[in-house]
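By written order: A, B, C and D. Residues from 1 in each chain.
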Amino acid sequence: MPDKPRLAREQIAQRAAQELTDGAYVNLGWGIPNLIADYLPAGITVYFHSENGILGMGRRAKPGEEDYDLVDAMKVPVTIIPGASFFHQADAHLMTRGGHLDAAVLGAFQVSEKGDLANWKIPGAKGTGNIGGAMDIAAGAKMLIVCMEHTTKDGSPKIVKECTYPLTALACVNTIVTDLAVMDVKPEGLLLREVAPGWTAEKVQAVTGAALHFKGHVREMSFV
Amino acid sequence: MKRKVFATLDEAVADIPDGARIMFGGFGGAGFPNNLIQALARKGTRNITAISNNCGTRDGELGLMFKNNQIKHAIAAFPGPHANYFLERYAAKEVTLELVPQGILCERMRAAAAGLQGFYTTVGVGTEVAAGKEERVIEGQRCILEMPIHADFALIKAQKADELGNLTYRLAARNFNPIMAMAAKTTIAEVEEIVPVGAIDPEHVITPAIFVHRIVKAKGLRYA
Amino acid sequence: MKRKVFATLDEAVADIPDGARIMFGGFGGAGFPNNLIQALARKGTRNITAISNNCGTRDGELGLMFKNNQIKHAIAAFPGPHANYFLERYAAKEVTLELVPQGILCERMRAAAAGLQGFYTTVGVGTEVAAGKEERVIEGQRCILEMPIHADFALIKAQKADELGNLTYRLAARNFNPIMAMAAKTTIAEVEEIVPVGAIDPEHVITPAIFVHRIVKAKGLRYA
Amino acid sequence: MPDKPRLAREQIAQRAAQELTDGAYVNLGWGIPNLIADYLPAGITVYFHSENGILGMGRRAKPGEEDYDLVDAMKVPVTIIPGASFFHQADAHLMTRGGHLDAAVLGAFQVSEKGDLANWKIPGAKGTGNIGGAMDIAAGAKMLIVCMEHTTKDGSPKIVKECTYPLTALACVNTIVTDLAVMDVKPEGLLLREVAPGWTAEKVQAVTGAALHFKGHVREMSFV
């Protein structure tokens, strides 16, 4: 029997959005995390933080509405919501590094079973790699969620015993949401919390480079 | 939205336990959270470690706390000539004092706020302040290592808050308040005025709401 | 009163010598001193050490400086995917790079501004960023020692200046500019508008005039 | 022949005021320094800095004009001049410690021939001593001027080979203005620049606890 389809990037974002709580201050990184703002559970307000000095980012600007002095960390014109504030980049990172954000969501190339994160440089790739704010965010986040595909395009595990890519921070990740599963990093290792619809714990384990802990039936991810 | 506005001063300080480390804003009679201090006197919290520029002005400001013998240890830059109750308790060895240069007091609180683990400074080298501190030479300059000052609570005074907790201050009543708001785990602000969310220009916010956990309205109270 | 307002961009940068260490404000296309960068290109200063979040966007921002081979060393957090000229020079070993986590870049500049001689942080521990840096354990946490980043000049962009040099910024174009203004020996600000002394509310000043040495009016210039 | 009268405190302030230049940013400490603002040379503007977060303090408030949110470091209601700004106490001391002020003027109990300063605690006096902002100011001032009486009330020298009082900072003083003389701290020791009207270098030396260097005739202090 062929594997069930994996989740789309939007579904990963949608599932990760459920981890956020009303009134939370949250930083979203490049890639899949940046899609999360569109999938917040109904009725909650989240104050999105941008490392260039914004708290209370709203949706992206519509065509014609763009103000290029009001961009997010991906250089995309955004809007603000009531209660927003502006500050300089040092204060923005005082917030990230100082543990003031309730959660941060980052993309990743690899996550280890100890919660080590590698997300800024691919070995052998051209260029220098780009750290940006990721190291400060990873070091300081009270709750760090990683959103990524479970495996690379060629099927290699991105969840591994030890990261082989250049590290962003040690033992920083709390939760991993992929196109196949939701996992928590615990002292004893990776706890498999949920699997994608139609997948089983065993099938997810088969494409994971580290041991997954689970007891009995593992719940399916839902998106409401 | 998290409910940050408290109806009464007493409710705002109701959970401050004995032994708490508390920062108190204010300088030169301006920007002291005198209403919150009175509430803390009514609450009767004891064995407080107080972090503040000074140690009270006669019966006013922290004077009330020392009068009631609620503080066991003070960290201050300028205890002050009118800190009568503090001076009595200090002479009687009922309270201990760590004397810290004022700018270093600010930086040590800011280090706590910013998730930094210590810093080197030339301030205090060769003085009593250096006693017991690590000294080293950096770029030809003698420096000492100063450590972050953390706190469980900050009691601060602002002029205006929106209901989300964004704050502005009036003139030189700003002083230590924004630093302490960033440095403490729980920041409680007494304010002259509470306005709807969005009523403060995001560019004019001095303390972003992320740093403010409780707001209570009270008419500013000043001691001569 | 010291005369801080310069008539032309070229006069404002006329004395920047070869080998200067220069901070350049801006993030995500916003708040870049692009007019001053063009003047510096005309001036032809070489062997610059450039301190900036990124390393140019195609021909824009610092791209022009790298295209002209005016920069020999860059200190940056996010060189960027569109830093074509930098990447060419870097591949050809005509420019060297120190890659710094973004918040730590801010803090190292702020340490220079604040007269601090170094600080300990958990950011970068166990990563390439820690290479060659002193490591120690403080309160059970592995930390590395980070040193101040000083500069001879800061080229920044603000929205409004009074003739004395008090500055305000627009929205997220604030970003690195206030930090760099404080950190450099000589700060040169291009601004959209110059107003009389006293026209900016003292409570709304973001960069006090003490940090600003030269002001020049220029219509903001943005690169896509 | 009896000694000529010594200068009044106001004359010390008046003479020290002449050391300040147009457009300078200056911090004035407790005591005699605080009188300087009244004696600025005609036609110059000085931006006075207060450690509680004011740049651009003006004269003291007149009766009826007092605003107790606008006080100087001595808790005295003041005014501001056009171009003033407000900021928090950490930024205020970033200015002092970071070397941003053009000059600072402090009072002193003792100054050594190497420029060591003692100004915060009298040995044996009751209480704890009050450091306040003095250590940050002394460590960071580009030019530190001390204003004080030349001797104690009982005639003991306050200018000494080695300070016996608790130190504020090592080798920080540049210029000393007393009721008898103006002296500069130089690598070779104290250079006697001027003497009070009617006094001679020899008579000043006789009441000074350290060697004064001078060549030939020493100019008399003037007050215009």
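The rule is short, and it goes like this: contacts are C-beta pairs under 8 Å (C-beta built on N, C-alpha and C of every residue); 3 or more make two chains touch, one makes a residue touch a chain.
The model shown is predicted, which means the values in this text are computed figures rather than measured ones.
**Q** State which chains count as neighbours of chain B and simultaneously of chain C.
**A** A, D
**Q** From the mean C-alpha coordinate of chain A to that of chain B, what's the distance rounded to whole Å?
**A** Each chain reduced to its C-alpha mean, chain A and chain B end up 35 Å apart.
**Q** How many angstrom lie between the CA centroids of chain A and chain D, rounded to a whole number?
**A** 56
**Q** In whole angstrom, how far does the Cα centroid of chain B sit from the Cα centroid of chain D?
**A** Centres of chain B and chain D (C-alpha means) sit 29 Å apart.
**Q** Counting only residues that touch at least 2 other chains, which ones in chain C make the list?
**A** 107, 110, 114-116, 121-122, 169-171, 202-203
**Q** Can you list every residue of chain A that touches 2 or more other chains, as numbers and ranges?
**A** 86-87, 93-94, 97, 139-140
**Q** Could you run through all the chain pairs that touch each other?
**A** So the chains that touch one another pair up as A-B, A-C, B-C, B-D, C-D.
**Q** So in the complex, the part of chain C that touches chain D is made up of which residues?
**A** Touching chain D from chain C are residues 1-2, 110, 112-116, 162, 164, 166, 182, 197-198, 202-203, 205, 208-211.
**Q** What part of chain A is in contact with chain B in the complex they form?
**A** Where chain A meets chain B, its residues are 22-23, 25, 45, 47, 49, 55-56, 80, 82-87, 91, 93-95, 97-101, 139-140.
**Q** In their shared complex, at which residues does chain C touch chain A?
**A** 27-31, 53, 77-81, 87, 90-91, 97, 99-104, 106-107, 109-110, 121-129, 169-179, 206, 222
**Q** Taking the touch rule as given, give the residues of chain A at its contact with chain C in the complex, in rising order.
**A** Residues 50-54, 67-75, 86-90, 92-94, 96-97, 116, 121, 126-136, 139-140, 166-170 of chain A touch chain C in their complex.
**Q** Considering only the defined contacts, which chain C positions touch chain B in the complex?
**A** Those residues of chain C that touch chain B are 107, 111, 114-122, 138-139, 141, 143, 147, 168-171, 202-204.
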